[in-house]
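Starting off with a structure, shown below.
Chains: A, B, C, D, E and F, in written order; residue numbering restarts at 1 for each.
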């Protein structure tokens, strides 16, 4: 493997570590946001996502996503079962090859966080064993195909979104964000509302944890977006600064949105805004200028700030706002490419409506959004329903009221009085 | 951009991510150190620093710092407004060029943390909207010029400290540390003391958070210092080991200082010592040997341990000791270069008094210290006074007593009783 | 130093930062696991480990570990006292050299975390000053020789385990894991049981901190294992994916073990399982396939889950289960190399019993395990006994009952009621 | 003047507060407590070992009332707290000799 | 023997402690409480929705006194706790039949 | 009916719980408290400045008993709480007019 580019490899290895770090970050972010009685369960859902997804990825997940397309652009083949034929292999363009296993690791971390995100929609009420099973089924039936569609470029014969439709998604606006948003909506609907939804505030029990989690996610997102350049290139640098600008912009625009609505600038708002901005720039970070990224952040933050309140209106309990933040944020980013994407940033990108005057790219982006959302929502809905009807997906009412930590895990999160704890 | 060095680029990209991570780390560090009633406000000040500074940086901040000098070594020009003319550009020496946007990102993170540091001086009593405005004004009028002076080397025609005076500052002893220390003093004086200063202990409400924040800062500091080599070079390695040695040394010397003074080895002391050591080595890490770094750490820790108690004596409420830790730490590091700096480590460095016998470098270092401190203190004092007199900079007494979290952000940090929280 | 490979250097620099980050991570992990009254003390033990080890490393530690062997494969010489003769030097194979100081830093972080791990065995009852002294003595007399044995390959004339015996240990299964496990057992025996051992639950006071710490350790472990390739190579990528797979596998297998035993899936179990898996793959990550790593993780998690309950049976108070997790996990990994190691992954590795049919490698692995465990246990036991008999190693009973935070550090971890804290 | 002390389930506090307010009682004091009685606690597991957390979280509610209001308010509290399940709690009544409103130094019924 | 129970603002605890000590009372018991009365709570916001936290943090102070000291100490506590603002709190007095000092098993006045 | 209130060291709660149970008392209420008395608090240090945390953590235990059981249970609590060291705490007894079991609305002795 003498031909690999060590600089590119270093960056992709590091990016894999960074994106993996996002899932414990998400556990902290989500864990702080629920009530104290179910915080460990919330975190445990993320850790199960890491465990189950990793095992599946090695056994067959990587293969069905990145294996040679089976013909119709829907799914990859089984050539890499057990990571067969990946050791000592390389991927990437000439002079910029990296070890295939670095790519395997990097992509694995995307699968992990995508399914972990869903747990936010069903906080405080899911049966843990059902969640563990759901993770495995969902990665196989929902994540894997969508990731193949949009990530498995194989010179025109790979996934249909990237290779046939030609829509642009730099780092996972469809695969990770819109997918998780649509699936979250399906889950929230199937599981139903928490006891006390709309009546009780159900406010975050530990806001410093939420901010810490947001910081960990922000940090890891540089690996997510800039790592998607698959090398330490100028494009990676562009993706990184764009990520920073959009994230910061959205944090501020959410804050301003709150003030304009007559409220206070809340900590939860700033943290959510940062995530919404990072989400919105995810598909676009390699295709727009920094000023474009700023616009995406400002719009993405405000749109998500508006979207999170929809759940009260439409009466579904997407507990930690996966739909509003990831679903809507991802849509903003995908559409933005169709509007302000420019080849001046990346010749492999495209020119959006405002650059070329042609709606052609925008149309492709919309198709990619709709296809992803429709498939993800439908398939997830069916999977969740089947689980609900068979082994059950929701805990009993008294378990939910007591909290999942003591009932499901026989633990409680805190015992911080130094004098009474033994 | 085929000429870029991917290894150097990988390291600078990573360093940018690391330094950005320091500001959430600072939010945790500071947030744990204040009383529980204002902890979210403390953290929100750091997040506003990220948001506002990033937006300014992209629009004009980078340009006035690193744009071509306008003539007198005071400030850069407006060539890079909106990051114009940075995409597809490179910086760095032959064979070691990196994408300009990687450099833009890296430097942005320095601006962010510098202004975020100031919030420590005015904990628990600043109007949040005034802080947000202050951040924007201060970055423009104080940070930008000083960063230009010391960082914008342009072959002799750039910033006056680096290009005319020829003082040495590897990673921001002036720009970040002395600057933040002097500005913090000005802010603490203008805003006045907290209610109960000297009477109430005002002790940290969550020490594990403080230690966690210290750990995050320590980690990020490797990007700060070793990243300032702008490449994955031997110099970067030297800067990294020096950072580690000085940080560890200062943590221990603060601890020993406390014991000698007849007290106990406190957790807050060790955490503060670590930061003081990292501060002290910041300007010097690329110019001294590891043994020199050890000496700097040991001295820096003890000096800062002594300095933090000065506030009680001189009766200004620099609440979280920005002056003692960053101001004094930065001075120790800058002076140390003038004493023990050696070209044996870095031929672009210089020989200090103890190496060459000549006080010439030391004199330059002192001038850089004084100029930075004087300008920063004066300009910050004026800005803060103007804000104070116009929109007000301090909250009402009853708001301060109740705490800023519920009053300003309509949130409270914790609700951790699993049985009573809803 | 023009010949260095910047990509390899970037990765090793980053890995050094990652591994250093593990020790604050360990402080958080351990700090959350003890009772609230001694949590700061627990964290302070890790920070002292950083401080003391770093200073020793620079002064003579690096030299006696990696200096030229003094003849018998036992210890290195004093050529690099004060890091003499390391600036501007390089290490590594042709085309892949990195600055020696990057290697110095990387290896330092291993020494730090190894000794920090031991603190888990003596939670809540050790005299802090005695611990500080112990760290220095132990690094010198126990860590340094063992690290020399297994890490200081010098073309056949270096450390005896690596150069004479020829046992395989990619990233520290002996030096870090078995060594810490054996030493922890010795310490737990010498210091004796906590007041209330077996009677009181002594359950973790802050489980979200424990999970956060586990996340930080997981993240840092990529530097630990993949960084041990000392370059951004295909081998590093293999080590990284193997680390991920084993860690995830063990988290799940611990969980399943708990369920099979008739209990609940606990958060502490998943966190401990993850660490146990990372431990088990540490020696093997560069010598086995990803499927092999999965097997190691599954076995390692279950073995450690079983092993931690031994302390109740054999009645020693290894408070945070260093023996069960690190000792047993390390043994699993070392043995696994002897069984399923394969040169197909790494031609510098070896073929295990199941690959070659020959027990030769397995025998070497067992010798390395036994030698490490025997020396570490014996030497640590003697050191601890001497400290116990002279200055004392355990606090008075009333101090232990009140908790070490207020008594030793004059601090308490939390004061989170926003209304009563001042 | 009497002091009604009620040890009740945490989930009942809101209802009791509302019930008191709509019955003309405009003040109460609440604090955390835990107790044991017939109700069993929950089991936690640490390193495979089970231990029972048998002090069950409750809330203490205290209400000062005029003698004339006692029976009405006592019944109100008891009825509102009742869920019919074990662990519903205890309510007791204690004689009070003086009540003072700190702000005005009013005493007795005026202080309520 | 009487038990004085005072529900006061958290910020007043130090002053009351000092006042008691300088008036010959060398013991008291303090615990957290919260209450509602005329004083309004604060508003928090979660995802744009406002909700009122109407149980306001208070501190409960309990002091056992000899009958002879009652009026003097009662006034002392009330006066020290008074800030003139709404929410200053309530103080009440309850008859106590026996007091025991655990360490010595002394009873009555000697136990104070 | 009487209410025994005991302010004791946190470490004693388990023993008292067990003692009560083995003496036929099947309920008690526990809450956190802190107090000062003869026992000194501990010193903390912040930025070199020492300050005394003089409110020492205690636990409040409350037990309702029939008049007939009072002396026996009072002695039991006092003896179990006693360690002979300063700060062992105080126990006092208050008359109770009514006790209600919320679940059943039983009154008086039946409610215990």
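Remarks
By our rule, a residue touches a chain if its C-beta (ideal position, glycine included) is under 8 Å from a C-beta of that chain, and two chains touch if they have at least 3 such contacts.
On a predicted model such as this, the values are computed, not experimentally measured, just so you know.
The chain pair with the larger count of C-beta pairs in contact, out of B-F and B-E, is B-F.
Both copies, subunit D and subunit F, contribute mostly unmatched positions to the interface they share, with under half of the numbers common to the two. Centre-to-centre spacing of subunit A and subunit B amounts to 33 Å, using the average Cα coordinate of each chain.
A separation of 46 Å divides the Cα centre of subunit A from that of subunit D.
In whole angstrom, the spacing between the mean C-alpha positions of subunit C and subunit D is 52.
Contact with two or more other chains is made by residues 31-32, 44-46, 50, 94-95 of subunit F. Contact of a single residue of subunit C with at least two other chains is seen at positions 5-8, 10-11, 14, 201-204, 206, 212, 216, 232, 263-264, 266, 268, 406, 410-414, 416-417, 419.
With chains as nodes and touching pairs as edges, the resulting graph is complete, every pair of chains being joined. Those residues of subunit C lying in contact with subunit F across their complex are 401-402, 406-407, 410-412. By the touch criterion stated above, subunit C contacts subunit D in their complex at residues 201-204, 258, 261, 263-264, 266, 268, 308-309, 312, 321. The part of subunit E that touches subunit D in the complex is made up of residues 2, 6-8, 31-38, 54-55, 58, 60, 74, 78, 81-95.
Residue ranges of subunit F in contact with subunit B, taken from their complex: 44-51.
Interface of subunit A with subunit C (complex): residues 1, 4-11, 13-14, 16-17, 20-21, 23-25, 27-28, 31-32, 39-40, 43-44, 47-48, 50-55, 58, 82-83, 87-88, 90, 98-102, 104-105, 108, 128, 206, 209, 212, 216, 232, 408-419, 421-422.
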